[in-house]
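Okay, structure first, notes after.
Lettered A, B, C and D in written order, each chain numbered from 1.
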Amino acid sequence: MALLSTESLSMTFGGLRAVSNLSLQLEMNDLQGLIGPNGAGKTTVFNMLSGMIKPTTGKVIFDGEDITNLPAHQITQRGMARTFQNIRLFGSLTVLENVKIAFHRHVTYSFMQALLQLNIAHHEENITRSAMDLLDVLGLADRAHHQANNLSYGEQRLVEIARAMATQPKLLLLDEPAAGMNPHETEQLMNLIGKIRRDFDLSVLLIEHDMNLVMGICERITVLDYGMTIAEGSPEQVRANPRVIEAYLGEEVV
Amino acid sequence: MLSVQGINVFYGKGIHALKDLSLEVGQGEIVTLIGANGAGKSSTLNTISGLVRPRSGSVVFRDMDITKLPAHKIVEAGLCQVPEGRRIFANLTVQTNLELGAYLRKDKAAIARDMQRVYELFPRLAERKQQPAGTLSGGEQQMLAIGRALMSQPQLLMLDEPSMGLAPLLVKEIFRIVQEINRAGTTILLVEQNARMALSIAHRGYVLETGRVVMTDSASVLAEVDEVRKAYLGG
Amino acid sequence: MRQELIERRLPWLILTVGVYLVISVTSALGILNDYHMINIITIGISIILGVSLNLINGFTGQFSLGHAGFMAVGAYTGAILTMKFGFPFPATLLCGGLAAAVVGLVIGLPTLRLRGDYLAIATLGFGEILRVLFINWSYVGGAGGMVVTQRYTNFHWVYAMTVLTIIVIRNWLQSAHGRACVAIREDEIAASSMGINTTLYKVAAFILGSFFAGVAGVLYAHAYYIVTPASFGFLKSVEILIIVVLGGMGSISGSVLAAIAITLVSVIFTPWPYLRMILYSLALIIVMVYRPGGLMGVKEIQLPALSLKKKEGQQVGTP
Amino acid sequence: MVEFFQQMINGISLGSIYALIALGYTMVYGIIRLINFAHGDIYMVGAFIGFFATTVLKLPFFPAFLMAMAGCAVLGMIIERIAYKPLRHAPTITLLITAIGVSFLLEYGMIWAMTPQPRAYPNLLPTYQFNFSGLIVSVQQLFILVVALVLMVLLHVLVQYTKAGKAMRAVSYDKEAAALMGINVDSVISYTFALGSALAGAAGLLVGVYYNRIDPLMGIMPGLKAFVAAVLGGIGIVPGAMVGGLLMGVAEALVSAFLSSTYRDAVAFAILIIILLIKPAGLLGKKTQEKV
């Protein structure tokens, strides 16, 4: 059974069709790319999957359950996490605090216990330890006590990934994880994404403009243009597809 | 006509968007800036038109240093930008949008004449004169954005991704019109993701990668080079 | 770990007990007279109000302009319970807080969907509506107010409640639930994508803040003999806001310091009340333009940790 | 029935004053997304300028009226320049707190200068009353209505048909795009403050004439209510402010007459909360979506 599938998913903004009739399929442990030129509707797809916006029509099935109309936090609780294209860290908090917040799903103590600090010390210690472990995996341990805003762009993107990982997802949505990274950082990111998928046994769906990254690590790629799927397949198939070349490079006027 | 010398632009803390970027645009040319998303194309245009301040470097337009001028003064100098995503005033009518393009001009007769010219160039806009601009289709909005910029009688017209989100047929039409505008005497600096199409109408081009110019040549040469393809689709 | 916790908390314990003892002893010796003591009580009430509003405005980022309304609910509940039903004071404190918390729930549920300035205006509106309702309620004396003859509020109660407010709100903020609130302030959309039920936590913070505003109201009612609707208007809400803003939106110690400073300034400027308001307003403008984070920003005062076991080469300092 | 129509008349004259103040709120909100808390106090300053002009300078109505408008226009521009312009890119709440500060500064600055005592406004208009079979309409009420209508029509023409008005609308929609048209965004904002404040000044003088008394805190409640009026009509929308103002005035008059005048203020806020919860864009507004 597919981990994620969408059925004729569409989104219309004030008469403009941002996404139309999208059908995505993602299996367990897949690493899939979602690409397309600027304005093709990729982020809109992520927003619909993660519950940030409600699709105009269509369905999202995740892990055997219809999650189309669930609020964002419930979708996260069911095991889907995402990062944001325009980085949405909790800027004035430290990196460690950012990640600790993301362990929210696993907090078991009550409001009353929190107010009175009753038996929460070991819970808190566990959360801190898990958060540090995660930062270690992403190579951010030495940044744990830095304010998130003061990190470099590349590091901020990594913190976003760490934070998404902390919700312990089955499916990770990465929105342009390499944007603003230098080639060296991008290379490291590629290795990291592969490693995360193996070690944490999860599926990844990523939007990315850096074709080296997408072609380098994705097994399957879906290409969107004008909100429609124009191609699907392995990196080689997609790269050779004339419609894709046209969508990216365009055709000549004369 | 326009000379950009070694500009450096930073956003927030430490994001170095443009690195020592230089470029030249000569009178009567169509020059295109191409490159993948995030290469710094829009940042370059925004720096030239005064929306973004460079930390160092200079922008000289027709022997006048405009590096530190506010955006509205730069329009006055004869340089107008059609921003990315069109940015038309959706709540105002098509006609009012065009009138705002001519905001700095006082010659009523000439304004009326230019308005007529814009309507001839884009007959669809003429049909929708009194409609709120927000009700136009994407292609019509792009036409309006270009028409609005033309109303300021620019010496140099800068276009930021005019093809974004438009169907291929419309893109062709827009590019043909850009060519027509150029033939009528307006110099053009064109930022495009759609590299082939941009190169097919441009005289010269600059290829940008992560805030730097990595290659510059005549458009016909760039169209044949493999690097351009790689910059988009990866090697 | 436990050892470290004790070492970090001991200085605060010493400070808390020390201040209490100093004030109790000096007042018993007559060094601090009644006038001093009422001002100290005012400071305590201001701290409770400031810290509890800071939980809503500063830590959760939900800008409320109606805090005085919750204080009013507490004050009236307290006055009614002691004057008409003869409740003991501790029960009154609890009930006053609970009543305000219930009103907080009723107001918070619908309004917390609104954002930023719209929320501010809606809470202001609710505060004013509460005030008008009290004016029209003859049972509690209408516009003339209600006389409270039992003067239960004394330094000990105020001090205990102040310390309790600070500890409870600090506990909350240091828990995962408090972190969820702060996450909402930082970025509501990102918070929801971390699995946080943002509505739940906004309402929770609002209720908790209202509860302590209610407690402050009870203390107020039994310190000043009379509660009138006019004492809990927009002006009072702004006075509390000034404490939060000057101290730092997101700093408990900032609110404590600001509450002390503002009360002292008010006392000094008693002969020139209008000048005082001019000063406040200038302070608001200047702080917003030049230091929008306020005095402390989101930082807290740290006391040096006390080292219980002397180890060689170990440094005493903040973690 | 006569009582009902009488209250409608009273409500409309009160409402036209709210509308004038609401216009300023709406214009300022439209252009910099600020609830200018100090707006009600600018109206108060307008009343005092009018008072000064008529009592000290012994000016007749119209010169005093113009002076109140001009004085408030200048005041509005100064406030924008000093307190709001440095915060152009700050969060909404920072601006809002600043505006509260400015509001208190004007109120207590005026108290400091003039004492909190209410002052009796000189009679600038004839006090004649028309009696239409039981319905009483005073010259003052008619006058207020006419002046308010004229000002609103002028403003409407200015915003809709003049170049400056088009620039204002462009700036309120998209500041960057407006700058790319050669519009000086800073001066358009300044100009908007001047206009809105001038209308508040006019309202201030009219209220002084209508109620015969003014005081430094007179701006708080009408200010808040005018804001409610602006939200009710759809904030940022000029005709919305007029509709909202008139509705508020009428609602208030009817509640005072048929329920209790003590509920007058609560009604305004109840309307506010209901509209915020049900249709936050206001009666004439369109809904917008937040970007993710």
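Quick note on the criterion: contacts are C-beta pairs under 8 Å (C-beta built on N, C-alpha and C of every residue); 3 or more make two chains touch, one makes a residue touch a chain.
All figures in this text were calculated on a predicted structure; none of them were measured in a lab.
Each chain's centre was taken as the mean of its CA atoms, and the one lying most distant from subunit D is A. When the C-beta pairs in contact are tallied for B-D and for A-C, the bigger tally goes to A-C.
Spacing of subunit A relative to subunit D, judged by their CA centroids, is 48 angstrom.
Per-chain CA centroids place subunit A at a distance of 40 Å from subunit C. One inter-chain figure worth recording: subunit B and subunit C are separated by 54 Å, centre to centre, where each centre is the mean of the chain's CA atoms.
Residues of subunit D in contact with at least two other chains: 292.
Chain contacts: subunit C has residues 189 touching two or more partner chains. Along subunit A, residues 52 each make contact with two or more other chains. The touching residues of subunit D, when paired with subunit C in their complex, are 33-35, 83, 86-87, 90-98, 100-105, 107-109, 111-112, 116, 220, 224, 227-228, 231, 260, 262-263, 265-266, 269-270, 272-273, 276-277, 280, 292. Considering their complex, residues 1, 5, 168, 171-172, 174-180, 182-183, 186-187, 189-198, 204, 208, 250, 298 of subunit C touch subunit A. The touching residues of subunit A, when paired with subunit C in their complex, are 50, 52, 71-73, 76-77, 81-82, 84, 88-93, 97, 100-105, 107, 109, 111, 113-117, 120-121, 123-125, 127, 163, 166-167. Subunit C meets subunit D in the complex at residues 63, 110-111, 113-114, 116-118, 120-122, 124-126, 128-129, 132-133, 135-136, 143, 189, 234, 238, 241, 245, 274-275, 277-278, 280-285, 288-289, 292. Touching subunit A in their complex are the following residues of subunit B: 13-15, 36-38, 134, 138, 161, 163-165, 167-168, 171-172, 175-176, 179, 193-201, 210, 229, 232-235.
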